[in-house]
Amino acid sequence: MAAARLPALVFAAAMTAYGLLFLAAERERAVGALIVAGAAAVALAARFGLLGKVRTSIAAHEGTFDAAAIAGVLVVALWFHEEHFVLLMMTTALLLMTAALGLTVQFGYAGVVNFAGAAFLGIGCYTAAVLTKYTPVPPLLILPLGGAAAALIGSILIFPVLRTRGHYAALVTIAFGILFKTFIEVNDVLGGPQGMSVGPFALAGHSFNDPIRIGGFEASFYFAYVLAALALLVLAFALVRRLERSWIGLSLDAIRLDEVASACYGLDIARWKVFAFTLGNFLAGCAGALYGHVLGFIAPNNFTFGDSLVLVSIILLGGIGNPWGVVAAAAFVVILPEKFQVIQEYRFALYASLVILVLLFRPVGLLPRALRDYFPGRRHETAP
Amino acid sequence: MSPLLACRALTCRFGGVVALDRVDFSAREGEIVGLIGPNGSGKTTLFNVITGIYRPRDGSVTFAGADVTGARPQAIYRAGITRTFQRSRMCLPLSVFDNIMVGNHKRLSHGLVFNLLRRSAFAAELARSFVEARELLNIFSPRLAERIDEPVAGLPMIDRRRIEICRALISRPRLILLDEPSAGMTHEETRELMDDILVVRERMAGLTIVIIEHEMGVIERITQHCVVLNYGRKISEGTFAAIARDRNVQEAYLGVA
Amino acid sequence: MDITLIGQHVMNGLMLGVMYGLVAVGFTLFFGVLDVIKFSHGDVLTVGAFTALATYLALKAMQVASPWLQLVAISLVAMLAMALLGAAIAKYLVLPLRTAPALNTLLITLMLGTVLREGVRLIFPDGSNPKPFPRLLPGDAFTWGAFTLRVDTLILLVAGVAMIVGVHLVINRTKLGLAIRAVAQDGETAMIMGINFTAVVLTTFAIGSGVAAFAGVMNGLYYNEINFGMGLLLGVFGFSAAVVGGLGNIYGAILGGFLFAGLQTIGAAALPFASAYKDVFALAVLIAIMAWRPTGLIAEKTSERV
């Protein structure tokens, strides 16, 4: 019997409503109450077996759920269409999700560690800054160029990253992340420690830094950025998910889980690791390019080692290898400190502590990755 | 007719230890060859050298007329040699089907465009592969074939060994190296496994098998030819009956009286 | 360039080498004994330095005046405290994850490092800014012609080398060291032979962390300043030194430490735009070495049964 569509839709609607309430909540007590209520709701749902129903419903009607999720984000964006700050938060979250998806391909699928995620994001930002300032390159092209720059510069780390033991890649990416930030700081070519400005993004003649006026509809200029970030995320999400559900995804998993056996069955370990590492950095760079435009002003202090660890924390907390987990964790990581201002100072320590707890007690993360299903919703042709 | 696989004077050292000492080993097409010897005699090392995991210090490996000495494991696989491992190497979080498909690498398309965009072509390849994998599993255990979409982590060791053999067979290799496939199985299960392997061999004409085993009953039953190693050296060769009578072999296993 | 400058550079290089070596020894010990990379090691050094500073402030409040007493006290307190911390880390974070994939231990120690680093920053008053470290060593200097040698530098160097020699002696000449080497060689067999595996692991972590605290105090005494981020770069270079020297090999770790220190000193001396780019150059060299010889100049001990 096919699973019903309803649970998935109800879930999407509930998430949207919850998001609205959460983002609208002003006082910390209200936010705290919402968090407790949310946790209680999840616990109750688990108790009554509803979570399983939602899961099967989503798996069986993925297209529906995807559309509902996108619609939900649009609803929230429209609701807050004049709130600069909320829209900025949403944009940041959406872009971090894209970057974290890149990290998922590297670490979640191929098992390649990367502790320089923020640096690759930063490369995208600075590429956008430089291209907007000095060249007439059309803005839409700047995004993939930011990605390409990140991928290209990342390739200098390829040899140590290809080593079997994870600590080489860890060491080299940590070193690179620090090098990137320090390098930008010590010279003034790219603005030095003060940073440099990034011109506005533009599409079809409309500059994204101008407020939006269509007929009677007025919105903050960030609204356009939310739409752009959402579009980028949708593309990245679709790409990463499709990748996982293919022979490529299988190959990546195989080399992560057992290099020796994979080699004996024809998999070119180096090729796949390079592919994953490059693609991941490309996604981070693209997100970075748009992020630069959104911020309007970037400085090396945005891209520290701590920020790279936040990206790693996102994929560990959300559920390694699960794109939806990344989405949930990124939202959590971006929005929570804004709602509890007191956490701002303790962000790094808080996320690190949470990751430690997760690694000790629930290493799979919040939303564990499901078994590969090449065509969810379709049944296998059974053998005669 | 020249043998399908010919190893000449293979020598393999690890620091001071001589794991293989000028070993000659060959297998003719369609044969089932047994490779036996006490623990540590170099049997798995021989497999590792043939499949390119270790480079031999000396000697050569020829397969189907081509010199494959020191070739990378990927090249060995493409040439048509597959293997199972002494300690079971499975991707535990992945499904049975996925694990078998790892072995099917050379018959699957790995292009970016194919996998990302040409979904109907991919679906067709997936369906074909699924049918093949199921049929193969069915030979070994219809019950296991039912569980083709389950993660391997939840399956008992004997099923994991069967899956490993299917993984080695799915790419229609010319030569398959089985490293103690029946380890951990009861006599009954072992007999069943060997029967199934013989069935597969019927269906894949010309399949050559080299099998490392400790159970002599198995060796006696299914092999046409045996090679005995001890301390990295070949000490005897011939039919099972012949080597069982060989004094050197008896001494190696039981010690000198 | 003139002799004083060269002399200064050489002294700096030696100090740096000793410090990297001390940190690298810790990394290599942990890897040898448990096959783990404890990424929080550099930050343990930071906590050690700050513990020493806190002890000093407490002693001052208690009106203890003698600098030698202060020196001994803060060193001992820092080393002891970090030894306990190291053992606790081993017991509660590293040992429980023995059966999990190796990456998990790497991640958890990396995160722990962040917690330690941020902890120092948040707990110590005005922790985000560098803190002055007391001058507890005599401030005299010897001069031979144009070459000046500060007494405190000499004392630190001697102390550092003595510590390295001390660790070497413990590892190679004591029963404990024998147990550590046995566990590093083959943990299971060591257990069968009656060696208390857990005790040895905890002791190893304690030793490594105590040595890091020592290095932290040295660092503070030499630069007269400490900050909450000092462990990060020291950890990165200490780890690279251990890798380059071959993980598990103590002499390699020390050699690696001096190698990196040497390269950095040469870079600082030779490049005209020195000081600002010091770190950039050092990191670039690290990446280059990793790209060229990632498994180290001396091979790492690995064994994977196929």
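Note that the chains take the letters A, B and C in the order they are written out, and that residue 1 is the start of every chain.
By definition in this document, a residue touches a chain if its C-beta (ideal position, glycine included) is under 8 Å from a C-beta of that chain, and two chains touch if they have at least 3 such contacts.
Because the structure is a prediction, the values reported are computed rather than measured.
Enquirer: Compared with subunit C, which chain's mean CA position is the farthest off?
Expert: B
Enquirer: Find the most central chain, measuring centrality by the gap between its CA centroid and the centroid of all protein CA atoms shown.
Expert: Taking the mean of C-alpha atoms per chain, the most central one is A.
Enquirer: Find the geometric centre of each of subunit A and subunit B from their Cα atoms only, then give the gap between the two centres in Å, rounded to an integer.
Expert: That gives a centre separation of 43 Å.
Enquirer: So, what's the distance in Å between the C-alpha centres of subunit C and subunit B?
Expert: 48
Enquirer: Can you work out the whole-Å distance between the CA centroids of subunit A and subunit C?
Expert: The computed centroid separation for subunit A versus subunit C comes out at 35 Å.
Enquirer: Which residues does subunit C have that touch at least 2 chains other than itself?
Expert: 306 - these are the residues of subunit C that touch more than one other chain.
Enquirer: Two or more other chains in contact with one residue: find those residues in subunit B.
Expert: Residues 53, 85.
Enquirer: Going by the touch rule set out above, which residues of subunit A reach two or more other chains?
Expert: 260
Enquirer: Name, in rising order, each residue of subunit C that touches subunit A in their complex.
Expert: Of all residues in subunit C, those touching subunit A are 37, 39, 93, 96-97, 100, 102-104, 106-108, 110-112, 114-115, 118-119, 122, 232-233, 236, 239-240, 243, 276-277, 279-280, 283-284, 286-287, 290-292, 294-295, 300, 302, 304, 306.
Enquirer: With touch defined as at the start, can you tell me which subunit B residues reach subunit A in the complex?
Expert: These residues of subunit B touch subunit A: 51, 53, 72-74, 76-78, 82-83, 85, 89-95, 98, 101-103, 105-106, 108-110, 112, 115-116, 122-123, 126-127, 130-131, 134-135, 138, 149, 151, 167, 171.
Enquirer: Would you mind writing out the residues of subunit A in touch with subunit C in their complex?
Expert: Per the stated touch rule, the residues are 111, 113, 115, 156-157, 159-160, 163, 165-168, 170-172, 174-176, 178-179, 182-183, 186-187, 260, 305-306, 309, 312-313, 316, 345-346, 348-349, 352-353, 355-356, 359-360, 363.
Enquirer: Where on subunit A is subunit B touching in the complex?
Expert: Listed in rising order, the residues are 239, 242-243, 246-248, 250-251, 253-254, 257-258, 260-268, 371-372, 374-375, 380-383.
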